[in-house]
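In what follows, chain A forms one complex with chain B and a second complex with chain C.
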Partner chain A sequence: MPSPLLEINRLTKRFGGVVALSEVTVTVEAHEIVGLIGPNGAGKTTLFNCITGLLRPEEGTIAFGRESREPLVGLAAHEIVQCGIARTFQNIRLFAHLTVLEHVLVGTYIRTHAGLLSAVLRRREARHEERWALDRAMGLVEEFGLSRRAHEPAVSLPFGLQRRVELARAMALEPELLLLDEPAAGLNPTEKQDLLGVIQRLRTHGLTIVLIDHDMRFVMPVSDRVIVLDYGRVIAAGSSSAVQNDPRVIEAYLGKPSTQQ
Partner chain B sequence: MRRWGAALLIVACGLPLITRNAYHIDVLTGAGLYALLALGLNVVVGFTGLLHLGYAAFFAIGAYTYALLNLHAGVPFWLGLLPSAATAGLCGVLLGIPVMRVRGDYLAIVTLGFGEIVRILFTNLESWTGGPNGLLGIAHPTIWIPGQGVWGFGVRSVPYYYLVVALTALTAAVCVRMNRSRVGRAWAAIREDEVAAACAGIDTVQLKLLAQGCGAAIGGVAGAVFAAKQGTITPDSFDFILSVMVLAMVVLGGLGRVSGAIIGALVLGVLPEVLRGVEQFRMLLFGVVMISMMRLCPQGIMGALRARGLFRSPSSTVDAVPAA
Partner chain C sequence: MTPLQVFFQQLLNGLTIGSIYALIALGYTMVYGVIQLINFAHGEVFMVGAYAALTILLVLGIAQPLVGWLLVGVVLLCGIASMAGCGLLGLGIERFAYRPLRTAPRLSALITAIGVSFVLQNVVMLLYGATDRRFPPVIAPLRWEVAGATVTILQVIIWVSSAVLMLGVQALVMRTRLGRAMRAASHDLTACRLLGIPVDRVIAVTFCIGSALAAFGGMLFGVYYNTINFHDGYLTGLKAFTAAVLGGIGNIPGAMVGGLVLGVLEALGAGYLSAQWKNAFAFVVLVALLLWKPTGLLGERVAERA
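Right, the complex of A and B next:
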């Protein structure tokens, strides 16, 4: 039995009187793809924000890593990235004015170390590093099918490609765990199929992925395991079929005609 | 772009051979000092997106640092440059710590307050700074010429002109290289979306402090040059209007563009002098020019030129031809 890669224990997050997450306990094994589903406002994004250090939970612990169990609560967002967790955002967050290539280059920041002085003096190590970063970024740009648009401002790209820019930027961080917040939102059916292909390919690289979506038909086929949140609580977890037939899930989520059609 | 920079530098170096008019040279020296300040402020506002309204404070700190070192310890100008830059840079970092959590308009208000505090401190610390009368008798720079011995800049205008041109060219080159480095890209990421930058592994606190330190240090260098050129400094040379003028230069030239900061400083530094012919309408026309510029090309002079296909480069933070 391998020890889990991510272990969240009794995590609670409140916003004033609203309990967004209530004693959430979740584990994610290495190389797993986990679907995190639940109706709007269930606390899915809040959970991601707690894991990535954008929000600080009131109670509970988050531990990450295969050998050394790093406690994540209290670390800054950039320190958590250095532990090996990368994410994308529900509302794509790109850097206006920066080109596609520059976005991916920003992702190589934590893998490079040249100081400002080295860069200004164009020292040999700074030039080598810059060359390495450029090669690496170009490789990722190509891998995500963005070569033709590499020098265009990322925000000028179609929505589906913008998602890919965000993914390429996240992959430049060389994460062990990738958190995808509604990656399929706003995509048309073809783009969704492309995205599924990309996710499957990332898994073959040995990546662990947690995927938020409320489109169950999108999450179920790619996920090894599904976790269902409702009102900040885990109401079910298990294989797609088991969760689909869980009466609590049907009541909380699948039973709603608006999300079933 | 590099070719245009070199051309501008050659023209700048050749100008004193064409005009012998000390007033023209003096105006251009002033514009060059503005360019130095605009380059420094551009690191903070343009590269990193931190709105700063008290930048004149770093100019003042640099000027007073050199003046005090010179008057009390006899430190010559060239040696005084470094402590001036360091003191201003340190103050930039120290100011950066308490303002770390404020952004945009709020940051502007806090930095505005900082600028005023520094000016008022220099006015009131009379035993150190001479109060409103300022400091007098600051040494001009000297250089050693083989065969001629030590030669002082004195009150001539041409040597200061070349000094300012050299420093501006050097600073511009440094700024371009900073911008085209991993740090420059991280600054740009922070400017565009701080949350996304942090989630891309960028230590936003450290990098914002670095930007504020670098920007302030450049202001400090400009301050030392100013003090050495004038020989006298008073607190009212470093008022809020100066901070606003330098910010206007950066915005007018094109935020985040090194070339823009220089062009903006040249335009706004020379324009009031050119308009002297129309006497009392001078500042009115000055205002009209600024308003119409911002109406017609809000992305600044260099931004507008680029949008029309001039000086185009594929991206600003990556070298066009990567070094092999």
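Right, the complex of A and C next:
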């Protein structure tokens, strides 16, 4: 049995008296697409924030990596990215003024090394590296169908394309694990279909993906496995169909059925 | 001199001091762009830069004007040494004065900036004395008549060197990995962290670059006015800050334009209205801007970040 890529063990996160995550235990295998669903406020984004180092959990461990199991809790956010985890945001976070291409170039930061001195002296390595980054970014821009708008400010693009910019930027980090926080939020049905296609294609690159959404119908077709959070606890995990028929999941989404007469 | 010639002369003088304001204003605007801090110690870094250049001239024992390659060499040596020294100073200030306050309310950092500026002023006063220090006349008093106005070789050196530095900064910010990280950091530090960018390092480098530019401005200032005093950083720093606001704080081309415009306004004001009120013009401009166009010439209205 292959060892999991991401192993979250009894993770607890509190905000004052509110328990946002309570002993959450989740594993993600390499090359898997996992859907993370749950009603609003279930703790899905909090879990992402703990994994990516924006929040520090009070208890529990997070280990990442196939060979070297890197403990993530306590690392700075930018160090976690360097371990190979990239994410996108529910409310797209693009940089005003930067063009589409520049967004993807910012994503190549961790794959390049030129510092201040070599930039000022225009050292040959720096120029070489810049050309490499530009090629790579152009490739991603093309792959995500953004070539025509590459030199436009990203924030001027329609919402659906902004999502793609965010994805292309995340892919520039060359992650092993990609965390997508409600990537379908705010998209129209056509754009959602496009996005599903993009996610399917990313998997063929050997990527492992965890996908948040509260819309089961969006998550289920692409996910190998679905994990359901409610009130900070994992209430169900397994194949789409199993989860769909789980009474606890139905209850979390639809409320308790009234007592039958 | 005909009125037109007088105007032209004042314009040239204004562009000269304006170039120096622009170099200093870049540091204010870059630091503000990345962490929304008005670094009031920046004027003092400029002053330290002038003293660093003076020290090197004294160590080299230069007492008479230089010409040719020797001049170029000495200017480069002074420039590079004071830029490197003040770059390190900027790194130190950021590391020990501002970084510990990164999550503190903005006012704490502002007050700390004023404290740092007092410290720098007093250290320099202790080391070099409270009286004006004369700069040796490094540059030959070569001058030309251009359309009735006088242009000195020193003015040409100031224009050319500051233009080169400003274009260099613009290229660095727009076209390199580090510059992109700086621009991204000025919009969203958290998103930067999640793209693997070591934000603290980007902020430190921003301070380093800004301080180095101010140091070069300090050297030019000292040579241009022949003299430097430990409290010169205060007034010139405030003027450069005005220039940064004039161009739109946080906007790099804005700082350059703002510096030049302010220098020209000041020179014209001194020439036509009153030389004694020269220093007041910059602050009249500042007050007028804050009243009618607080976003500056090239700035745009941005929502205050939470």
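Here is the rule we go by: the second predicted complex is superposed on the first by the 253 of 261 C-alpha atoms of A that agree within 3 Å, B and C clash if a C-alpha of one lies under 4 Å from a C-alpha of the other, contacts with A are read in each partner's own complex, and residues count from 1 in each chain.
Here is the rule we use: a contact is a pair of C-beta atoms (placed from the backbone, for glycine too) under 8 Å apart; a residue touches a chain by one contact, two chains touch by 3 or more.
Since the model is a prediction, treat every value here as computed from it, not as a measurement.
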item	value
Simultaneous placement of chain C and chain B on chain A, clash or fit	clash
Touched partner set for A:99, first chain B, second chain C, both or neither	first
Chain B versus chain C as contact partner of A:159, first or second or both or neither	neither
Partner chain(s) touched by A:15 [first = chain B, second = chain C, both, neither]	neither
Touching partner for A:132 - first (chain B), second (chain C), both, neither	neither
Partner touching more residues of chain A, whether chain B or chain C	B
Which superposed partner A:151 touches (first chain B, second chain C, both, neither)	first
Contacts on chain A seen with chain B and repeated with chain C across the two complexes	52-54, 76-78, 81-82, 86-87, 89, 93, 95-98, 102, 105-110, 112, 114-116, 119-120, 126, 129-130, 133, 169, 173
Touching residues (chain side chain B, partner chain A) in the complex	174, 177-178, 180-186, 188-189, 191-193, 195-205, 210, 214, 314-315, 317-319, 322-324
Contacting residues of chain A [partner chain C, same complex]	52-54, 76-78, 81-82, 86-87, 89, 93, 95-98, 102, 105-110, 112, 114-116, 119-120, 126, 129-130, 133, 169, 173
Residues of chain A defined as touching chain B within the complex	52-54, 76-78, 81-82, 86-87, 89, 93-99, 101-102, 105-110, 112, 114-116, 119-120, 122, 126-127, 129-131, 133-134, 151, 169-170, 173
Chain A-facing residues of chain C, complex	168, 172, 175-181, 183-184, 187-188, 190-199, 205, 208-209
